[in-house]
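Below you'll find the structure I mean.
Just so it is clear, A, B, C, D and E label the chains in written order, and each chain counts residues from 1 on its own.
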Amino acid sequence: MTALSAILFRDIRLATRAGGSAALALAFFAAVATLVPLGVGADLRVLARIAAGVLWVAAVLAALLSLDRLFQADFEDGSLDLIALSPLSLETVAAAKIAAHWLTTGLPLTLLSPLLGLMFGLPPRAIAALALSLLIGTPAVSALGAIGAGLTLSIRRGGLILPLLVLPLLAPAVIFGAGAVQAALDGLANGALLLLAAFALATTLLSPFAAAAAVRLNLAG
Amino acid sequence: MTALSAILFRDIRLATRAGGSAALALAFFAAVATLVPLGVGADLRVLARIAAGVLWVAAVLAALLSLDRLFQADFEDGSLDLIALSPLSLETVAAAKIAAHWLTTGLPLTLLSPLLGLMFGLPPRAIAALALSLLIGTPAVSALGAIGAGLTLSIRRGGLILPLLVLPLLAPAVIFGAGAVQAALDGLANGALLLLAAFALATTLLSPFAAAAAVRLNLAG
Amino acid sequence: MTLQSLIVDKLTGIRGQRVLFRDLSFRVAAGQVLSLEGPNGIGKSSLLRMIAGFLTPAAGEIALAFADTVIDEAEARARQIGWLGHHDGAKPQMTPREVLGFFAKLYGSDADIAAALDAMGLARVANLPCQYLSAGQKKRLALARLKLSGRPLWLLDEPLAALDAEGKKRAAEMLAAHALYGGIAIAATHEPLGVESARIVLGAVS
Amino acid sequence: MTLQSLIVDKLTGIRGQRVLFRDLSFRVAAGQVLSLEGPNGIGKSSLLRMIAGFLTPAAGEIALAFADTVIDEAEARARQIGWLGHHDGAKPQMTPREVLGFFAKLYGSDADIAAALDAMGLARVANLPCQYLSAGQKKRLALARLKLSGRPLWLLDEPLAALDAEGKKRAAEMLAAHALYGGIAIAATHEPLGVESARIVLGAVS
Amino acid sequence: MPSLFAFANPKRFLDMSAAVLPWFVGATVLTLGTGLVLGFLVPPDYQQGDTVKIMFLHVPAAWTAMMAYGLLALCSLLGLVWRHPLSDVAAKSAAPLGAVFTALGLITGSLWGRPMWGTWWVWDARLTSFLLLLFLYLGYIALWNAIEDEVRAARAAAILALVGVINLPIIEFSVEWWTTLHQGESILRSGGSAIAPVFLWPLLLSGLGYTLLFFTLWMVRIRTEILERRARAILLAGAA
């Protein structure tokens, strides 16, 4: 238990330190969200129409941004060898790291999203749906991302491959997440949030095992 | 001269080699461009309307993806110390690296863009404008990105900070670039491309000096 | 349960296509220090990683004999091993005190961090981010961490490299003490460990 | 133009708040090897980085005296320096041959790569991606690169670490040869270099 | 029937494949040839006109591409669980082929879309999920290429492939949920096929042809891969 919390808190501490990933994911999220209107034009009707998709994609990218270091940082400086020899199973380690990553990226992104929703001229109901969908959906991003992080562990430029591996797998999250917002926008209810929850739950439960397997094979370096 | 080409070709080789950044930047570009419609919806009229902005932002992000390693990879394994002691000035080194980066990302992105333009339902004229604007504008991305890469050199999680430093600076590129496409879309001519060219030219000429200064400052580590 | 011996039996190690060692067999009893020697690239680090369970042998057995049981399965073996590798495992943005504190929690040790730092002469840099540590200071930190892992079987890859004379002495004392308390230590090294130790010299395979 | 001596005059080095050395002065003549010694964390690596121009001195002068001129400006001094640091500067995905080829081009050397690899006993791994090299093999690669830099002033940080006996011998011969041809070599080390050399021992500043 | 492990022996595979390869080539040429020829002889469709003929290139390509990913995942599973070397090689060799067939499906499809929908591309369910399938292939190939060590690369890629197949149905479903504009299952629909036999038979023939083509190319790639590895092994052994 203390061992698990040791990893959890260490990763959170590293992420929230100056220059840590937490603040940066937020800033990236905001930067992308502001850049798009610059390209698309300021027409609020159009922006509101595309807000769900753009913000969800931006959030996914922001979360992915820091994912490649999830295991790699520990791998390169040798910490991972020591963690692998610790009493914890790699599955537990992976779960702890996924949790830490979500707490330091997914959650903050969710909290920031209403603000960006406003900037895109989303009505309150849609904003609520956006935040809720991110709250439910971002764990899936951290979870599936962890698998990618484990697989690309031993690759120097792993950060480049990771998105290619993970983005297609995340399509459902984007579809259901943005779908929920659209539904709220059009005032009609669809099961998007439920589907999203199911997807997130499944991935979060399964990915620690896949991620651990990936890490294990990469330790044989 | 051979020294310069040594750096240029080495970076190109590393980027185009298996698992190198070139192909992956392309894949990232395409993946992001694919996710957006999944969030926004399949209506080609809407997509065409936002294509310019979304694709330009996606292209910028794809280029940034590999930029954080521009100097850092060499910094971490000690190559940069050795390069700094070489007969080349750091300015020349920076220029060579910027060139290599553009050749392995900006250029391929430009070549792929028409395809994505098609998928977003852009008419031929707008597609031409898109490719042209990327051709003119992406050097600015590599150039400004190099400054950021130099500044974040000694920071482990530099790859995360980089977008924050660079994205704001790149706002003009996105505005002019997407603007040019919009103009072509609305069938009216505006000076966007000229402004973009001016911006790209200026940044490309100045950034090697700024980047070199940043690197020099970080070598005192 | 107390460790009695490490048994390596007919071990064969292959990296890529290359056979590093074939049918390697040896036995280290509790209280022994083994110095693992041989030319560069012969396979010392690989052997250590294999004993730690990071590399899987192409053939052969690695077993830990205890008073009551025998562990020959990698997963379980790992829980008995204290590791000191080439990489220092020190986060640049964390201080030596934080690093030790983290690993103490991780390995469930209640050792006194301050004392551990002091024992390796790191008291003065205890709160300095590790990125500023000198090569030797990092090595000393790694040694301190190994000690507080509290594991019976120590695997060390070039423990003396980058250490000054005084640091080498402390390392030697650490190994001696570990052996004295019935532990086992295997150290890949290119210089004498400074403690009474058995030697295995790896050579090229025919 | 041939190098005559390196002059370090009243050099003061500060890292963070800490004064590493104050008013350090010494002189190394062409054909001399200087072994730089002292306890861990005393400032050897920092001094080397300062001479190389990576760190700027808080005070004092570093000058290279040639038959005809004196270079005391960092930018120009850098062009005279061959560097061997803690990091091996070997790209994991490049092979030793490619690494040497690249640096030969970069430093405008027309040395024979194959011969350079052979001289360090790397012929067999010449085409193996560097990520698979052993610690000693990487060090040997770094030595080979230093040699083909063709620079008169060599700065080496723990050149013997990770090398086996035979590798240490080759390194020593390299240094001796470099000195013989009128070069200067300064090596921070914790073990005897194995060549006739002057010594400077850094100590704690009062 | 020889066990999988019989095939798992690369040596045995080389012998067997050498024996059957010619037959596969022949069969491929025959079926694909006749299928396409018949396909191009069919009368213009009453609404689609001559463009219907693209179907004989397009649909089989799509089918083969999906089958290929199934095989890829299967081999990955075998490689991961039973660790026989051949399945790693097989999976590795299947990926690029699958990617090519997927690309073919996309290209022919959009060529078809131009006359049919008046646009090269529409964000319709199956097109989109097919596009995502292409990304899955590309990711798999990228991972293989990025990891130097063969064994490690194989395992990593295998894990990815398995995660991929588990996720594929979900992706398909989500994309279906997202929108549906593409024409539905019109061939293998319960209660017989919707299209006239004149179209059906050539289609099935070329479908078979594509499949055979895939297996032929697959076998060739596996053979070359095995031989390459042997050559490398010999080189390194010589070096050591």
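Just so we're on the same page, a residue touches a chain if its C-beta (ideal position, glycine included) is under 8 Å from a C-beta of that chain, and two chains touch if they have at least 3 such contacts.
Here the structure is a predicted model, which means the values were calculated and not measured.
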item	value
Type of chain A:chain B copy interface by residue overlap (half), same or different	same
Centroid comparison with chain D (C-alpha atoms), farthest chain	E
Rounded Å distance between chain C and chain E, as computed from the means of their C-alpha atoms	49
Interchain centroid distance [CA atoms averaged], chain D/chain E, Å	56
Chain A-chain B separation of Cα centroids, rounded to whole Å	24
Approximate Å spacing (C-alpha centroids) for the pair chain A, chain E	32
Of all residues in chain B, the ones touching two or more other chains	19, 24, 27, 31, 34, 37-38, 41, 73, 156
Per-residue overlap in chain C, given as positions that touch at least 2 other chains	16, 86, 92-93
Two or more partner chains touched - positions in chain E	132, 135, 138-139, 142, 146-147, 149, 175, 178, 240
Residue ranges of chain A in contact with chain C within the complex	2-3, 5-7, 10, 14, 17, 19, 73, 76-79, 81-88, 219-221
Touch list for chain C against partner chain E, complex	16-19
Chain B partner contacts - residues on chain D that touch it in the complex	52, 54-56, 78-79, 81-83, 85-94, 102-103, 105-108, 145, 151
Chain E to chain D touching residues, read off their complex	148, 239-240
Chain E contact footprint on chain D (complex, rising order)	93, 124, 129, 131-132
